[in-house]
Amino acid sequence: MDFNQLSLYVQKGNGGKVKEMVSEGLAQKVSPTEILNEGLIAAMTAIGEKFKNNEIYVPEMLMAAKAMNAGMQVLEPVLTATGVKPIGKAVIGTVKGDLHDIGKNLVRMMLKGAGIEMYDLGIDVPAQAFLAKAKEVGADMICLSALLTTTMPYMDSVIKEFEKAGVRGQFVFMIGGAPVTEAYAKSIHADCYAEDAVVAVDVAKKYLAKKQ
Amino acid sequence: MAKTFEKLAYNSLNDFVYGSAPNPVKCKNGMVIGGGEIYPELNFTLPAMEVTASNMPEIKEIYSEMINGVLKRAKELYAPGIVVEFEMLPEMTLVPEWGIEVNNLLRNAMSEYEAKYGLKSALRSTPGDVREFKRPPVMRSGEIFNNLLKTIEGSAKGGADFIAIESTGGKEIHDDALVNADLTKVIFALGVMGTRDIKFLWEHIVQIAGANGAQAAGDTACGFANTAMVLAHKGFIPNVFAAVVRVASVARTLAAYEAGAVGPNKDCGYEGVYCKAIAGVPIAMEGKSAACAHLSAVGNIAAAVADLWSNESVAPVRLLSDIAPVVSIEQLIYDCRLMNVAKQKGYGITFRDFLADSDSKLDPQAYILRPDVVFELSKELIKAKTPFLKTKAGAKLAVDAIRKAVDNKEVFIAEREKNWLDIMDDQLAAIPDDEEKFWHQIKGELELDKFIPAEYELD
Amino acid sequence: MAKTFEKLAYNSLNDFVYGSAPNPVKCKNGMVIGGGEIYPELNFTLPAMEVTASNMPEIKEIYSEMINGVLKRAKELYAPGIVVEFEMLPEMTLVPEWGIEVNNLLRNAMSEYEAKYGLKSALRSTPGDVREFKRPPVMRSGEIFNNLLKTIEGSAKGGADFIAIESTGGKEIHDDALVNADLTKVIFALGVMGTRDIKFLWEHIVQIAGANGAQAAGDTACGFANTAMVLAHKGFIPNVFAAVVRVASVARTLAAYEAGAVGPNKDCGYEGVYCKAIAGVPIAMEGKSAACAHLSAVGNIAAAVADLWSNESVAPVRLLSDIAPVVSIEQLIYDCRLMNVAKQKGYGITFRDFLADSDSKLDPQAYILRPDVVFELSKELIKAKTPFLKTKAGAKLAVDAIRKAVDNKEVFIAEREKNWLDIMDDQLAAIPDDEEKFWHQIKGELELDKFIPAEYELD
Amino acid sequence: MDFNQLSLYVQKGNGGKVKEMVSEGLAQKVSPTEILNEGLIAAMTAIGEKFKNNEIYVPEMLMAAKAMNAGMQVLEPVLTATGVKPIGKAVIGTVKGDLHDIGKNLVRMMLKGAGIEMYDLGIDVPAQAFLAKAKEVGADMICLSALLTTTMPYMDSVIKEFEKAGVRGQFVFMIGGAPVTEAYAKSIHADCYAEDAVVAVDVAKKYLAKKQ
């Protein structure tokens, strides 16, 4: 199977061709994990690199993510059947009082492109909702977003909610948004800070790998 | 109250300059915005803290410290006048009493400085457009909408000179359209949803402000064109796309003036320069001295035809000299002094062109703010008959103008941006001139759980 | 190396303008300071943290974040060139390795940006004058003095383009003289102690910098005239007093050029405008875009004849847009763009006068920076034969010029400031022209435990 | 005795006349405490008010302080003899690594003018020196000054030194200087912050009164 070609189709955003190639590969008994890693995720890594080097814009990245999703529709049932797990599960949301979701949505899409199973709670999300969802899906990671100086402090409240429930240690907390800084992340004992959606992928992968 | 603008507010490009507007606005204390001089407009916000009932005493103390610091410095620098903008945090509109309390606190401090030291000042109150707190947003009724109106009423009664807002109608669709650089959806969001919402909302604001002694000032495509600008700054979308969105947003912001608003337009609405050319209203703008709030490619050119010069927003962070709002007022006052001196000496137009020429070659977002470009594009734009058609026309005019400027080496765009002009052209060509037809054509591609068509008179 | 300046560096006031100096300075990479364009000069400092060996890794990370942020933004804004000033904290000169390490880190980042993106930049390294750490200070020998020279040598070897310093000779007496508004002691501190120390110190700097590939740039009366400015800003001493101290400090800073320094003069030395008129050296200045570091009455006028435009100093505080040093570089770049465009269009002198006229009426400290005033006063000042007599002449010229300007309503001073002109006049009249006589006359009134006369060739 | 006249002489900076009037007052058996409070300290309070209202500059204030000191030279032995104590004793200094002393000196002079006994340790003062001096003189208050962002944190070290010695509670800590803020004062548990020399007087008086 030509993984290089599959990757190129993903990068070009050609969902139809991606679906086709994944189906063919499976039919030819190519390992589904290999298709995932060498084809789809490799493509998203390459696209992330291109973005970092100012070769493409976000729309191209989103088109690639959609093409990858098309491939995943075919691949996922097989992966599940063979007991392959996603590299991680993450709950994401913009915290209470805050309505901004462009950045949060980009992070969601990029993490999904990296093979992470994403649960998006949307905007204006209270601490309890993060906790409930995290428990429900058995998440590995919680991603918090805030765009205002006056909602950023609520990130602390979310983490405290997990502490109160005695489950803080089970989750990696990644935070981000315009007013958020590395120093702020440290001060509320978040595990990590990501300054944009592309960095978020690297950071999330690193922390999920550590967690396992 | 409904107005239509069928020709430019200017006869000559040589009258289109900072500090003067064809239809100046007079404040209660006699200060005139757009009457000849450019004034600073200072905005501030809270540091990292939650807006809650129990925090309100501390919040009021912080606003009090900020306003007094700003007024003191303005007095020391002999500012001939300043405008203060109070841009409310969401909770301050959701709970109208909170916003109104701070509004009144600011108003009192300003009145005191005027009485004691003769420092003239005017207050712009800007409630948050909290309608988007519900998803999908209910735009025209309900508790949140009523609280928004209550906040406006209370602020006006409390002595605000101007009421402004960053309205969000259409943002439900526009956010995604932006990150996908999908101009078709941008046009729908701005030209159909945005303009309809603004008409509805601003008729209310004009009525309430008028009944309570305040002026209905203006709106801004902040959540649209400025979001585009920020995304372009981060390299997420092309600069040319952001530039086109800016001109596409003109009709949307202009709709507030059609509904009876009188200016000054809101600072972050760079599309204000087009509104000034068309409606003759004074405008606030922001550039290099708003770098505390966002970096930009329009640091100087933004001032070229501004009537108020703003810092956008700053929290009371402590710098080596003083808190940041005091630093901002100092910078704005000096910028304005310089511009006013040049104008008094008869060099207003010359100085305007320094401002424009210093930025316009380096970025298409700066280029489309050139006074001559604004003038030419506005002339064409007003020929389009409806707000929707003006939106579409704005985008097309911007694409064409940028293409021509690139060819003539009047503006620089990166190689990889060039084919985006073609992409946008193709998208625009496919948009029908009939609004209803457009709606039915695009409907299938929109996420219909994100907005309520009926709130936009759509079915 | 010793030079004397017996006439102005200019024949005509119309050549005395920002961006151009009679004796421009060329950097290693070809950038020319004072060669026609004005460039930004960016300075930054650490946030609240101690400078210790164990903190050095974090300190280097902070400088690295700051310099990379600044260079990235300068590149994005197509800056034609920038200067970065590294003003060392005291510990970084007390322990030369620390200062040199950071110096090299900055130099490397700058060289990398030049190689990768063609962004031209030059580094000014400014060790702290730590001699005053010992009280009374030993000015000409000892471990501290040797470490200062070592830091200069290491910075030059590490690739600094310019070496500058805020030297402190005479501050032992000047601090108290200031808070007491005692002009007699001010003249002694600046004119006798300061000028002698500068001559001694700068002969060393010129030698070391020259031997190690750097240029000996310039000094500033920061601890003298800027302290006066800050005290006047707080209402501690009269504005007219601060203005007179500024002109009195000219001879002191000029002494560095007599000793062989070539410029650019240091930003906070507003007396640099006089040095430029007399010695023809390029100068750095700071005004409204240094409001992050200190508020001032000279926000615009400071730029009138500047060759570098500085933010003075800012810590990496997080603002809504970015860290403060990045905000500063954006503001400085836009300021410089505007000034350069005006000049390119043939309006350099016109723009210079906008800058001057916008501030000069409102404060005597601004008034004495007017290019025409600087020109006239400089012509007279150089007639005085010795640095001491130039100091005294500067003060007297400033008093007379301010008095005349007040009478002609060319500058505004508060009623309560007026009799200070007489007080200063009386004090000046009582100062003998003979330096030795002055010393013996004033000796009894000085606190002799505060300084060591022999370090100033006094007995 | 004409306290008003005495106060005017102090305010005018006429040390000779002040000395004369104080001596006469004592000879006429006027209460030394009254001379101190109604004459000298009242004068300094008045001068502080004038400064706050922008009627005078610091030099005038310093001249008044000197005139007051002239009076104190006569008054102090009598006060000591009659067992009258100063309203408080304070140790003052610019912290380690910092050389700025203009502000610190002004505070010292103003506090002295308010009747507080001042012990000035100068500049570049290590924590141990503050502690030693405070114990030695039985101080009520410690005044710390710093002008640099990089020396301000040392204020914390000074207070910690007093904590370590178990005597923190015995002293009021007042801090000030360009980078210092109310918030910073709180964060290091200083008792109070003074933004300039005139404010310092009010603050010091308030805290010393509280302490007694």
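First chain written, first letter: the chains are A, B, C and D, and each begins at residue 1.
Here is the rule we go by: a contact is a pair of C-beta atoms (placed from the backbone, for glycine too) under 8 Å apart; a residue touches a chain by one contact, two chains touch by 3 or more.
Protein identities per chain, from UniProt: A, D = Methionine synthase; B, C = Methanol-cobalamin methyltransferase B subunit.
Model, not experiment: these values are computed from the prediction.
Trainee: Once you find the CA centre of chain A (Methionine synthase) and the CA centre of chain B, what distance in Å lies between them?
Mentor: For chain A (Methionine synthase) versus chain B, the centre distance works out to 34 Å.
Trainee: Just give me the whole-number Å value for how far the CA centre of chain A (Methionine synthase) lies from that of chain D (Methionine synthase).
Mentor: So the centroids are 61 Å from each other.
Trainee: Quick one: report the Å distance separating chain A (Methionine synthase) from chain C, using the average Cα coordinate of each chain.
Mentor: Here the centre of chain C sits 52 Å away from the centre of chain A (Methionine synthase).
Trainee: Among the residues of chain A (Methionine synthase), which are close enough to touch at least two other chains?
Mentor: Correct list: 149, 179.
Trainee: Can you pull out the residues of chain C that are in contact with at least two other chains?
Mentor: 45, 315, 318, 320
Trainee: Name the graph shape formed by the protein chains and their touching pairs; answer line, ring, star, complete or other.
Mentor: Here the contact pattern is something else, fitting no line, ring, star or complete shape.
Trainee: Give every touching pair of chains, nothing left out.
Mentor: A-B, A-C, B-C, B-D, C-D
Trainee: What residues of chain B sit close enough to touch chain A (Methionine synthase) in their complex?
Mentor: Those residues of chain B that touch chain A (Methionine synthase) are 45-51, 89-91, 132-133, 135, 175-176, 178-182, 227, 231, 234-238, 315, 416.
Trainee: So in the complex, which bits of chain A (Methionine synthase) are touching chain C?
Mentor: 149, 178-179, 181
Trainee: Which chain C residues qualify as touching chain A (Methionine synthase) in the complex?
Mentor: The touching residues are 318, 320.
Trainee: For chain A (Methionine synthase), which residues count as touching chain B in their complex?
Mentor: Going by the criterion above, the answer is residues 51, 54-55, 57-59, 62, 97-99, 101-102, 105-106, 122-124, 148-154, 179, 184, 196.
Trainee: Which chain C residues qualify as touching chain B in the complex?
Mentor: Going by the criterion above, the answer is residues 45, 73, 77-78, 287-289, 291-295, 297, 299-300, 313-315, 317-322, 324, 326-327, 330-331, 333-335, 337-338, 340-342, 345, 347, 350-351, 354-355, 357-359, 362.
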